[in-house]
Amino acid sequence: MKVITLTTDFGISDPFVSIMKGIILNICPATTIVDITHNISPQDIRQGSFILKSSYCYFPKGTIHLCVVDPSVGSLRKPILIQTENYFFIGPDNGLFTYIIEDENILTVIELTEQNYWLKNISQTFHGRDIFSPVAAYLAKGEKLNGFGKPVKKEELVKVPIYKPIKTGNNYIGKVQYIDHFGNIITNIPNDLVKSKIQGKIRNIEFTGLMSSFAFIEPNKLGSINGSSGYIELFVNKGNAAKLTGAQVNDNIEFHIVK
Amino acid sequence: MKVITLTTDFGISDPFVSIMKGIILNICPATTIVDITHNISPQDIRQGSFILKSSYCYFPKGTIHLCVVDPSVGSLRKPILIQTENYFFIGPDNGLFTYIIEDENILTVIELTEQNYWLKNISQTFHGRDIFSPVAAYLAKGEKLNGFGKPVKKEELVKVPIYKPIKTGNNYIGKVQYIDHFGNIITNIPNDLVKSKIQGKIRNIEFTGLMSSFAFIEPNKLGSINGSSGYIELFVNKGNAAKLTGAQVNDNIEFHIVK
Amino acid sequence: MKVITLTTDFGISDPFVSIMKGIILNICPATTIVDITHNISPQDIRQGSFILKSSYCYFPKGTIHLCVVDPSVGSLRKPILIQTENYFFIGPDNGLFTYIIEDENILTVIELTEQNYWLKNISQTFHGRDIFSPVAAYLAKGEKLNGFGKPVKKEELVKVPIYKPIKTGNNYIGKVQYIDHFGNIITNIPNDLVKSKIQGKIRNIEFTGLMSSFAFIEPNKLGSINGSSGYIELFVNKGNAAKLTGAQVNDNIEFHIVK
């Protein structure tokens, strides 16, 4: 049984997501469909790319990751299918797959042009329904990759810039990459950049670390910890670090590594 | 494997939806359950009927659509099962199935009266759990329709009024039918009413169109486009048309067709 | 096919839940995964325990209930697996399973210590991913219970206090246990404590009952009804009782039983 995951900015109040699922089950009934999330901020390609990076590799080999954050639907961006050593990715070529291109071994990229695998009537606003879902389902059903369109060079794929911490003297400037549901601030500081001790500040509020558990810091103090996504996170024990600091995505984080 | 879809106003924070799924899987383990949405505004039958209309037909033939927006649960409305040429619909007879009655070829309508297919103890507040879910599951399992209750004439089914654009001279008055997650305004103007050019206003803000893509309009301008649900939509490129205009469901839209 | 349910405070915007699903499907592809809810208020163990109590028993015998509300992740609380006569429960030993311990016939409790069933690298912040999900999946796959760790006495399990109505003279003091999506106020008054007539007040607003349907009370009046979760609920017909009263969880409810 094939797994197809869905990552979109469609929300879960409208019928959009369920329509995609209906189409997939219609073409390939023996599919397990898993929502990654549908709450990407509308049109936020960068956020979508980060969510996808954080989750795709936990799925079974061969999983088809269908991703639709598509502000330019119906205009010039290409609909694409990427095959890597372990997975398939389907969606618009607009930077959503930036981290896939960085992190995975890409075998094939196809621009989706073969209309036999699309719905009959193509809308100008919902290619998630008309193109991407049926292609994902036919792929799950066993169709060959080269049937879906024409090869594209992976060097031609669109990427969003990836921000890494910048060093000046002994100090670094990092960035807020993501803020989660608990208000934990996910930085762009890789866990393995810091051995055991870091000091810094965000919006003039100081933090220290690394702590070995959320529980091991005083109340209302900002701590830092190795995050589960591979980046250092700033947190407040049983509290909300984003609320405490007012931090937002892209805010600067000044820090230095003590050891 | 049978597909059962769920459309409710139960939200996803309470245990209600999962209880329905547990009951279904208990009776018929080989079911694929798909959420259409659980975010129908509480008790908003009209919204539920529109969401259902927009999505049901993308599912495999034979899919059972279980719908519970049920402000009169436990009082006089009938619990019903509708068989159409392609699908089954189960829920309260309160107008939720208005568009199904309009659009589908109805074969049979059954009032659910046979308590053998219900849970043992029927609550006064949660027939989604006690009646509708087990009936859907037994239907998925292969029970015959006429076992569930007694036939009802389709002419007796409750409908909510459907609003269509009204023409006076060269002008029309349409309505806002739905506002989606992106703030796109779904009108009640059928795509095929307008060949290529429309002008109009909503809340004194003018719009033009039809555009061939969200991308092909100036920033912060209100455009119109053939919508994916079969009705013309008003939009702002990478913006939120509902916020720009203050539009709400049922607002009037004045328009005339240029060609 | 095994059913695994998920109950967490992770929300559905972050990739956390989907990562757990990916891991489960990777280890045991033939699993049906059902979300109970991911909208438990952050770190609210009591709310999680109530949601779980309200829903677990509707699932097929043998279902594995995976629950993660885990404010002390990475510190001293034990990761546990509980086998009852009908179900399995996996999560942190912090009170989440209070009602299970009360209501179910517990056969075995295991502290999860056997790292062969965990992911290779254990984070300090996401045991839902690193420990609980893989253990649930290996259990679904057929692993024996005693392989996962060492037995614990059920008397040692952590519980949160359960509040029952307190009688003084002819009057009782009850409590608000939960407020649902519709604003219905779920009390801690068992349905079977009241035969047919109750009077009381909450935040100085009076209610009467029991009503036989939401529909059978005057507009904007607070009524009471036998709730579907086994406790009496306060409601406003087609309205929101929590908004009308300002009620919050843990508020006192004064009442007396008329008959």
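A, B and C are the chain letters, set down in written order, and residue numbers restart from 1 in every chain.
By definition in this document, a contact is a pair of C-beta atoms (placed from the backbone, for glycine too) under 8 Å apart; a residue touches a chain by one contact, two chains touch by 3 or more.
Treat the numbers as computed from the prediction; the structure is a model and nothing was measured.
The two sequence copies chain A and chain B touch through a face in which the numbers common to both fall below half of the numbers used overall. Fitting chain A to chain C on C-alpha positions gives a rotation angle of 120 degrees, to the nearest 5. With centres set at the average Cα position, the gap from chain A to chain B is 31 Å. Multi-chain contact residues of chain B (touching two or more other chains): 12. Listing the residues of chain C that touch chain A in their complex gives 10-16, 18-19, 21-23, 25-26, 29-30, 33, 42-43, 71-76, 123-126, 129-130. Chain A makes touch with chain C in their complex at residues 1, 3, 5, 12, 32, 34-39, 51, 54-55, 58-60, 63, 180-182, 211-216, 225-229, 233, 238, 240.
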